[in-house]
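Across the two complexes that follow, chain A remains constant while its partner is chain B and subsequently chain C.
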Partner chain A sequence: MAVPALKLDGAQTLLAAAPEPSGEASWARSVRQAAARRLAERGAPVRRDEYWRYTDPQSLTCQPPVAAAPFENDEAPLFGGADRLKLVFVDGVFSRELSDPVELEGIEIQPLSEALSTDIHWARELFGVLEARGQTPVDRPMAALNTARATEGFAIRVHGRPGKPVNFVYLHEDALSDAMVHNIVRVEAGADFTLLENGPAAARFNKVLEVDVADDGAFHHVRAQGRDHERRAVTGTFARLGARSTFKSFTLTVNGRLTRNECVVEFTGDDGIAHVAGACVGEGDFRHDDTVFVTHDAVNCESRQVFKKVLRSGAMGIFQGKILVKPDAQKTDGYQISQGLLLDDDSQFLAKPELEIYADDVACSHGSTCGAVDETLLFYLRSRGVSRGEAEELLVLAFLDEAIAEIEDPALADDIRARLAAWLARRRR
Partner chain B sequence: MQLHDDTSIREGVDRETVDAVRSVGERYKYGFSTSIDTEYAPQGLNEDIVRLISDKNGEPEWLTEWRLTAYRRWLQMEEPSWAMVHYPEIDFQTQYYYARPKSMTVKPKSLDEVDPELLATYEKLGIPLKEQMILAGVEGAGDTPVEGRKVAVDAVFDSVSVGTTFKAELAKAGVIFCSISEAVREHPELVKKYLGSVVPQSDNFYATLNSAVFSDGSFVYVPPGVRCPMELSTYFRINAENTGQFERTLIIADKGAYVSYLEGCTAPMRDTTQLHAAVVEIVALDDAEVKYSTVQNWYPGDENGKGGIYNFVTKRADCRGDRSKVSWTQVETGSAVTWKYPSCILRGDESQGEFYSIAIANNHQQADTGTKMVHLGRNTRSRIVSKGISAGVAQNTYRGLVSMHPKAKNSRNYTQCDSLLIGDKCGAHTVPYIECRNNSSRVEHEATTSKVDDEQLFYCRQRGMDEEEAVALVVNGFCREVLQALPMEFAMEAQKLVAISLEGSVG
Partner chain C sequence: MLTIKNLHAGLEEEDKKILKGVDLEVKAGEVHAIMGPNGSGKSTLSYVLAGRDGYDVTEGSVEMNGSELLDLEPEERAAAGLFLAFQYPVEIPGVGNMTFLRTALNAQRKARGEEELNAADFLRMLREKAKALDISQEMLKRPVNVGFSGGEKKRNEILQMAVLEPKMCILDETDSGLDVDAMKLVAQGVNALRGKDRAFLVITHYQRLLDHIVPDVVHIMAEGRIIKTGGPELALEVEHNGYADILKSVA
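On to the complex of A and B.
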């Protein structure tokens, strides 16, 4: 079917709005051009697209972006207590002054722009490669735009087990910032790496993370999309997993006008493990969309998708998850759970959990539920003298915990739990 | 496949299962064609054809216009491509849109006047068009009178209704059961009021096509407070070549009424594909209940995917009244391509919708089927149980929508969809849409996909069953929940079909 003119024109507008990067190596230039072509041919996202039916992409594509006043946050920064390599972006631009020195034993780390201007660079095997693979069968136009235009970000190659995680901190200061960041991570065979990300980033943020985990490698990702009421964000995480590798990604999202997190995982080696989880708490004019696509193309791999959303005062939570099991991906274990907890009558939870299975020796299941706080549980707690507010809070935390439990590092998980508890308690006061 | 008679003696294996397994060896047995003089409308589709069909049915002007409006709308529509089914492009101009046995040119006054050849066809299908106590769908039941419930049959052959049984007895109870063309003549006020009120003319591509060219189908009206004294059924038969069947069924259960309706369908084996685009509309008013059961056994094409019926059907029920209830039960075993989503609009407070489905796809069959439960009223409830079985190189998709609107307070939905894969060349897919727009409602959805459990197979084989027999038993167990929801007449037939459709899928 022909691509509607509306989509094609939209793509041109998106490409025209961001300057074409210059001074890069010829291989990088051709990757950029191919990405721009992908976007130009398939068009910008519109509401009529199947995977945008629940989220209107208009505010992600409009020019200029809608202004979003930065939120004055008086909390201590997340992951502040952890030993980490802190790299700070302000409105999507890397700030050397606010960051730690860019070096860490066990990894090669370099700003993306440097990597892309080097003629012979390992990034050539990764930059834009996984994003391009992730464009079929479902278009991801915002990620293609990112590959075509983003100049900020880091290229990280992990060889061993670095002593501490890398932490990208995204600060938002300008009410009109329209930022794009593209990070690439290559975890070499047997290496183990943890990436932390937090902060509201920008008025409008388009981020892509490409992760290539080689055989026996492990990648842990904990992300907190900051409390910033008016921000908008679209992110794309693209992962490719080798044999016996592990990929675990957790995202906490609290408020923000619109968040669309896409995660595309592909198993290419046998016996891999991928867990993608998300906990989200939203209130008011808040829309949060998790779109996950896991492709099993290897034997005996395990995938889990665990998404929990607590919504109130008109907030809207969306989950679109898919497990695709290719014909030879026998012994696949695929699991998917998406749950919405609606704290009042104005909120909405919309889910589309899909399975597409072409192999017979598999065990795949999904569950999806939606409803209010269980009155019986509330009654139980209240009969033991817990106030209604506190009881509800406890149940909310318990509800979200299944997703938080996907974080392997207990200290990081506790960090997230403490943060959530504090938010809920503050709201009650 | 040979089975010995002593099979039945084994403990834990019931007679039905043995019979089911026995018929595994049989081919599609409804694949014969009846050679009968048939009168066709000219090939292709244009406004003249629409007018011609309308004229053949002796329709009033408003209905002709209604059809033409649909046709003009259809010209602007695009064939949907979102379903997970692939087939060569359909040339709508090479089809015949109307075929009627010549003997039906003058409508017979009673069943006695119907061409014996036609009656024989139905006899052969196991649907004797005689007013006697019969168990429809059970072979041999016609010969030996069995103590059973009465079933009234409306038999549709290509584009026309051949006859309807038990009309007089139904009329005594106030129930109107006739072909839709007859209803247009006899009860225009009812038809005008309800036709298109559930599935509008321009609902979707195939429904719009149907609105333009629909020929016969059944019409049921059950007056207030009447419990229909017998099961009603329609048996659809496609016979003519290159001819599409476009029947339209309209069922209205007035306040407090109850009706159980059965639908069966078969077609001859042919090398070319044939089109079937039906529309079923159900209206349930206050406290009314409609139970609609289908055993769909259109010719599925041969083992190489040649021929078969393209089954594009729009079925929708409007639970318009408070406390109304509609229950869809379907066993989908036939058709090369199935595109079918029986739905319930739960408009009335405390109304209920149910959907029980077994979809079996073997060889090159493709099925994309499921349901929509749209909760609009308060305290509405819906339940979905879907069992999909894929074998050979078939693709089977469950696609469903559960939508809780903001005003549908305290509503409940429970969905379970399980898929079973037999063999490593087939596919089983699940595409549910779950939309919850208020917090007093609860939506639960679970789905699993697995293959026939090795342990269960081992257990059966250990007890002396061969593999095909064991698979049939496991599959029957897998489907039990849905089979139990079928009226008895159909359950037995369906159970057999489950086994037949899986023929040759093991090993």
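On to the complex of A and C.
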């Protein structure tokens, strides 16, 4: 089928709006050109695309971006209590002054632009590679744009167990910033790594994370997208899992006008584990979209998708989650749950669970629910003296907890819980 | 302590009267039992007193320690000293038992203008009270009532009562679903709380609970009204002869 002119023109506009990176190694240049070609041939996203039916991509692709005022608050930064290597970006640009020295025992780390200017074999095997694999069978045009143009970000290779996590902190200062960041992480065999990300990043943020986990490796990802009310973000996380490896990714989203988080996971080795979870809380002009695609192409792998959305005053939550089990992926254990908690009659939760199974010896289950706060529970709490507002908060936190419980490190999970509780309490006052 | 006058109430959604003129006075320090056949309105009375949504009070008044109970929100009734031990305690996945108890206690203290209890003092107090009811640390850490047996749920209700120290306690069929040992444990918990400043309204089908929690006054409820009031011997009469005789004698 011919690609509509609207999509093709849109792709040209996107590519023209961001400068072509220069001075990079020839291998990197060809990766960028291939990505630009992918986008140019398949076109920019439009509302008519199957996977954009519920989220209008217009404000993600328009030129220039819509202004978004940074959100002023006096809160202590998230993960501040954790021992971590802090790397700060301001409107998508790495700031050496605000960051810790870029070094950590157990990892090789360098800015993406440096990695792409030299011939590093592992980076060659990763940059743009997982993103390209993730373009089939569903187009991910914003990720292709990112690979073609993003110059900010880091390349990280992990050996063993570094003593602390790396924390990317994305600050937002400029109301018109239109940022792209691309990070690549290679977790070597048997290594174990935790990546933390937090902050609103920019008025409009396009972020890609490619994670390649070798056999017996483990990657933990905890992300909190910043609270700016007007920001927009489209993110793509692409993971490839080796044998007996683990990938766990959790995202907390509070506020933001539009958030589209895509996560593409592929099992290529047997006995792998992938858990992708998300908790979001939004009100009013808030649209949050989780689009997940997990491909089982190996034996005896376990995947879990746990997504919870709390919506009020016209907020909209979207979940599009797919589990694809290829013919040889026997003994697959796939699970998917998406739930919306609507705090009033104005909000909406749209879910599109998809299972596509070609192996015969698998266990795959999925569920999706949408409802209001349970009045029976509310009354029980109130009958013990808890005010209606506080009781509702307890139930909201309880609802989200199944997703938060996917964070393996209890201290990080408690950090997220405490932050959420404080936000909800603040709203009540 | 609690004065109910000519209380009429029914379900909002159905045009059906359940309580048809309940009169009851419970003084501080007393234990009253309400017995009655199924459908007599016992549980409705407890829900109306606790302030559950869905009930329509069409006539009458309920006064507790000088304030009009029916004008208050459920949480305000709790802060004023009312406590309902539920017939079917609900499970609240994701809310830790300990968090729940501390939130409830501090919310009530705050509403009464008292200082909130700090974590260490709360924990000490809770451990002591849990021990008396044979409630393990593990049960305190679990989400409220999730995975609890019937007996554990009822004991957990009594623990909440012990922690919150209400003035007026209503026990709605707390004995249902309990084996003999669990019933003794629950009764011990209740008896430990008896005192001159606290009153109890014990709703039950069976006399056996009243062997352990000996009431001062026993009421028989039928068709939405208290039809007979007497001493503990009235409960024995019900146990031996059933409700039919009493219903006939007052008809």
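Simple rule for what comes next: the second predicted complex is superposed on the first by the 427 of 429 C-alpha atoms of A that agree within 3 Å, B and C clash if a C-alpha of one lies under 4 Å from a C-alpha of the other, contacts with A are read in each partner's own complex, and residues count from 1 in each chain.
Going forward, a contact is a pair of C-beta atoms (placed from the backbone, for glycine too) under 8 Å apart; a residue touches a chain by one contact, two chains touch by 3 or more.
What you are looking at is a predicted structure, and each value in this text was computed from that prediction instead of being measured.
Once the two complexes are overlaid on the shared chain, A:352 sits against chain B while remaining clear of chain C. Judged by the touch definition given at the top, the superposed model places A:47 against neither chain B nor chain C.
Using the contact criterion defined above for the overlaid structures, shared-chain residue A:386 touches chain C, although it does not reach chain B. Ranking chain B and chain C by residues of chain A touched puts B first. When the two structures are aligned on the shared chain, A:96 is found in touch with neither chain B nor chain C. By the touch criterion stated above, chain A contacts chain B in their complex at residues 1, 50, 327, 330, 340, 342-345, 347-372. Note for the complex: chain C touches chain A at residues 50-53, 73-75, 77-79, 83-84, 86, 89-90, 92-95, 99-100, 103-105, 107-108, 111, 143, 160, 164. In the complex of the two chains, the chain A residues touching chain C come out as 375-377, 379-388, 390-391, 394-395, 397-402. Residues 78, 81-82, 84, 404, 406, 409, 419, 421-451 of chain B are the ones that touch chain A when the two sit in their complex.
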